[in-house]
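Two complexes are shown next, each including chain A; its partner changes from chain B in the first to chain C in the second.
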Partner chain A sequence: MNPDAHATREAAYTPYHPAWYRPHMSVFWWLHKGPYAWFVLREMTSVFVAYFAVLLILQLRALAEGPEAHARFLSRLASPGFVVLDTIALFFVVFHAVTWFNLAPTAMVVRLRGARVPDWAIAAANYAAWLVLSLAVAWLLTRG
Partner chain B sequence: MSATITLEVARYRPEEEAEPSVQAYEVPYREDWVVLDALNHIKDTQDGSLSYRWSCRMGVCGSCGLTVNGSPKLTCATYLSDYAPKAIRVEPLEHFPVIRDLVVDIGDFLVKLKKVRPWIIREDERPLERGEYRQTPAELEAYRSFSQCINCLLCYSACPIAGLDPNFIGPAAIALAQRYNQDSRDEGAGARMEILSQPDGLWGCTFVGECTKVCPKHVDPAGAIQQYKVAAAVDAIKALLLPWGSK
Partner chain C sequence: MGEADVRAVDVDRPRSPHVAARLPPGVRARRPWAPLLWALFSAGGTIAALLYPVHLLFTGLAFPQGWLALPGHDALLGLARHPLSRVYLFVLIAVPLFHWAHRFRYTLYDGLQLKHLARPIAALCYGAAVVGTVLAAYTIWRL
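Showing the complex of A and B:
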C-alpha cells in the first residue's frame, strides 16, 4: 500500500456509510505466498497425469492395430524428444502422486475400534498400495 | 534496556483517503507483549484514532484476527518477540471489505454461516420429561474438534478461493456444518447437504489447505471439507446405484 495513494482518487460515500475499501486480488496471487505457489504447482502437474493417460490410450490403440503398429509406436517413443518429454512428465506425475498421498489422511478418516487411525498410517497404506501395484506391473513386464 | 519495535499499521480513514495507507508507530518492546498489547499501547498513548477490534485477549472471542506480516493471526496470541527486532506489519484480514483502519465488515460471513443451519435440527423434538440427549465420549469426539471454531475468520483470510469467489461459502461455515452433521443428536445432514452441494458450497474448495494451517483452534476446516466431499460423493453414487434405497 502506497502511503500517498489516497491522493490519487477522491474518497467516495455510499448513502449509508463511508465507503468501504474493497481490496482486489491480483491475478498473480499465487506468487505472493509459498504455500499458494506450491498448491498451484500441485494442481498444474495434473496436466502431466492427463498426458500419461492419453499416451496409454494411444498405446492401447496401437496394440489393438497389431504388432507392427505397436512397434512403430514404441520406436516413435524412443526418439530423443519423447524421452526428454516423458522424463519431465514422469517427474511431475511422481510429484503429483506424492503430494496427493500426503494429503490423503486429511480426507480419509478411518476409525478402528473407536480410535482414529493416525495420519501417518493412512499415508503409509497409500504408499504401500502404490509399491505393491508397481511391483506387480514390474513383474508382469519382466516375466517374459 | 528500553528497546522499541516499529509497528507499521494499515490505516484507512474513509473521510480522508480512498485507499489504505501505512502509519509507523514506535512502541516499547517487551518480551511478554503480544501484537494486541502493542496496538493497545498505541491507542492509549499515541493515537486514539486507531481503530481495531478486540475483546477477550485470550484466544476465545475471535475478534482480534489481523494480518501480521502477511499471515492471518490472532493478535492476542502473536508475540512481538516472534518478529523482533524487525518492524511488524499489521493489516486488516484479507478478502474482507475494510470499514476503517483494521476493522473489516464480516456481515457476508454471518449470512453464509446462517445458510448452513449451524444448530441441532431434529425431526421430532423429544418431550422434556424424557430428559437430555445423552452422548458417549466417542460420540462427542466425532465432532468436538469442529466445535472449537470461534469465528475469527483467519481461515477466510487464508483461503484464496474465498478471495477470488465472493459467493464461496467458505471454510468455517462448512466446518460448522460438519460439526452438526457429526453430532449424534442432529438429523439435519440432508438439509445441509442440499445447500452445500451447490457449486458455491463444498465443490468451490480446491484444497489449498491453508485454512487448517492458520486455524488457532485446530478446527481443521480443510479436513472437514474433504470429508464432506467424500460423503457427498458416496451419497451420489448410492443414489445412482440404489435409486430404490432408503433415502
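Showing the complex of A and C:
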C-alpha cells in the first residue's frame, strides 16, 4: 500500500517518529542551587504543621482522659527525643510563618481609595496580627 | 450541545468560583475542586502561621520543660470545654491539615518526580486530612 495515499486522508502518517529528548533529572535537583534548597525547605514546613496538628489531637485526648493521662502526656513530651523534635518543629513553623507573611503582599492585593496598599504595609499588618494573637494565646494559657 | 463541544479549562485560585460562575456556555472547569482545595490551603497556611508558633512553644517546650507552671488540669479542661474554645480548637487542627495535604502533595510531585502517581498521592494526602478532621471533631466532642 502506498503510504502517501493514507497520509492525504488522515495527515497523521509519520514514518520516522522523532525520539523525545528528555534529559534525566536527579531526585536531588533541589540541592544544586541555594534558592531551590530554600524552596524545598519551605515546602517541608507543612510536614511539621501536620505533626503539630496530630500532637494537638493527642493532647486533647489525654486531657479528656484525666489528670494522670495528661501528666503522662506532658512527661513524655519532656523526654529528650520530643524536645529535639519539638525544637526542630518550632524552627520550621516559625520559618513557615515568616515566609507566609512575606508572601502575603503578593497573594493579597488590597486597594484603598483607588490606590494599592504598599507591600510593606500588608506584611506589617500580618506581623502585627501574629504578635497580638500570640500574646492573646499566651495570656489565655498562663493566666489559670 | 454535545459533550464533545464542551471545552475544559483550568480554573485555580480563590477568585475562581466567580470566574467559574461566569464561564461562557460550552466551557467547564477541568478540576472543579481546585478552587476549594486552594482556599483551604491558603486559610490553613494563615492559621498555622499566626497560631502554631505560640502553641508549639507552650505545648512542646515551655510546659513540659517547666519553664512555666501549667494551669491545673481542671482549669485547662474548663478552658478547652468552652463552646468558643471547641470551635477554635477544631479550626486550629482541621484547616491546617488541609494546608499540609495540599502542599505536601505538590512537594511529592516536584521533589520526588512522582507525577505518574498523581491520583494516589492526592487521594492519600486529602484522605489523611479528612481522617484527621474526623478524629479532631470526635476528640473535641468528647472533651
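Note that in this section the second predicted complex is superposed on the first by the 118 of 144 C-alpha atoms of A that agree within 3 Å, B and C clash if a C-alpha of one lies under 4 Å from a C-alpha of the other, contacts with A are read in each partner's own complex, and residues count from 1 in each chain.
Just so we're on the same page, a residue touches a chain if its C-beta (ideal position, glycine included) is under 8 Å from a C-beta of that chain, and two chains touch if they have at least 3 such contacts.
Here the structure is a predicted model, which means the values were calculated and not measured.
Looking at the shared chain after the overlay, A:Met25 reaches both chain B and chain C.
After overlaying the two complexes on the shared chain, residue contacts for A:Ala89 are found with chain C alone; chain B is out of touch. Of the two partner chains placed by the overlay, only chain C lies in contact with A:Ala78; chain B stays clear of it.
In the superposition on chain A, A:Ala138 makes contact with chain C only, while chain B stays out of contact range. For chain A, the partner that touches more of its residues is C, with chain B and chain C as the two candidates. In the superposed model, A:Pro67 makes contact with chain C only, not with chain B. According to the touch criterion, the shared surface of chain A, contacted by chain B in one complex and chain C in the other, consists of residues 25, 30, 43, 107. Residue ranges on chain A touching chain C, taken from their complex, read 25, 27, 30, 40, 43-44, 46-47, 49-50, 52-57, 59-61, 63-64, 66-67, 70-71, 74-75, 77-78, 82-83, 86-87, 89-90, 93-94, 96-97, 100-101, 107, 126, 129-130, 133-134, 137-138, 140-144. Residues 10, 12, 14-22, 70, 91, 94-95, 97-100, 105, 138, 160, 163-164, 206-210, 212-213, 220, 222-223, 226-227, 229-230 of chain B are the ones that touch chain A when the two sit in their complex. Residues 1-6, 8-13, 17-23, 25, 29-30, 32-33, 35-36, 39, 43, 103, 106-109, 114 of chain A touch chain B in their complex. Remark: chain C residues 42, 44-46, 48-61, 63-66, 68, 70-73, 75-77, 79-80, 89, 92-93, 96-97, 99-100, 103-104, 106-107, 110-113, 132, 135-136, 139-140, 142-143 touch chain A in the complex.
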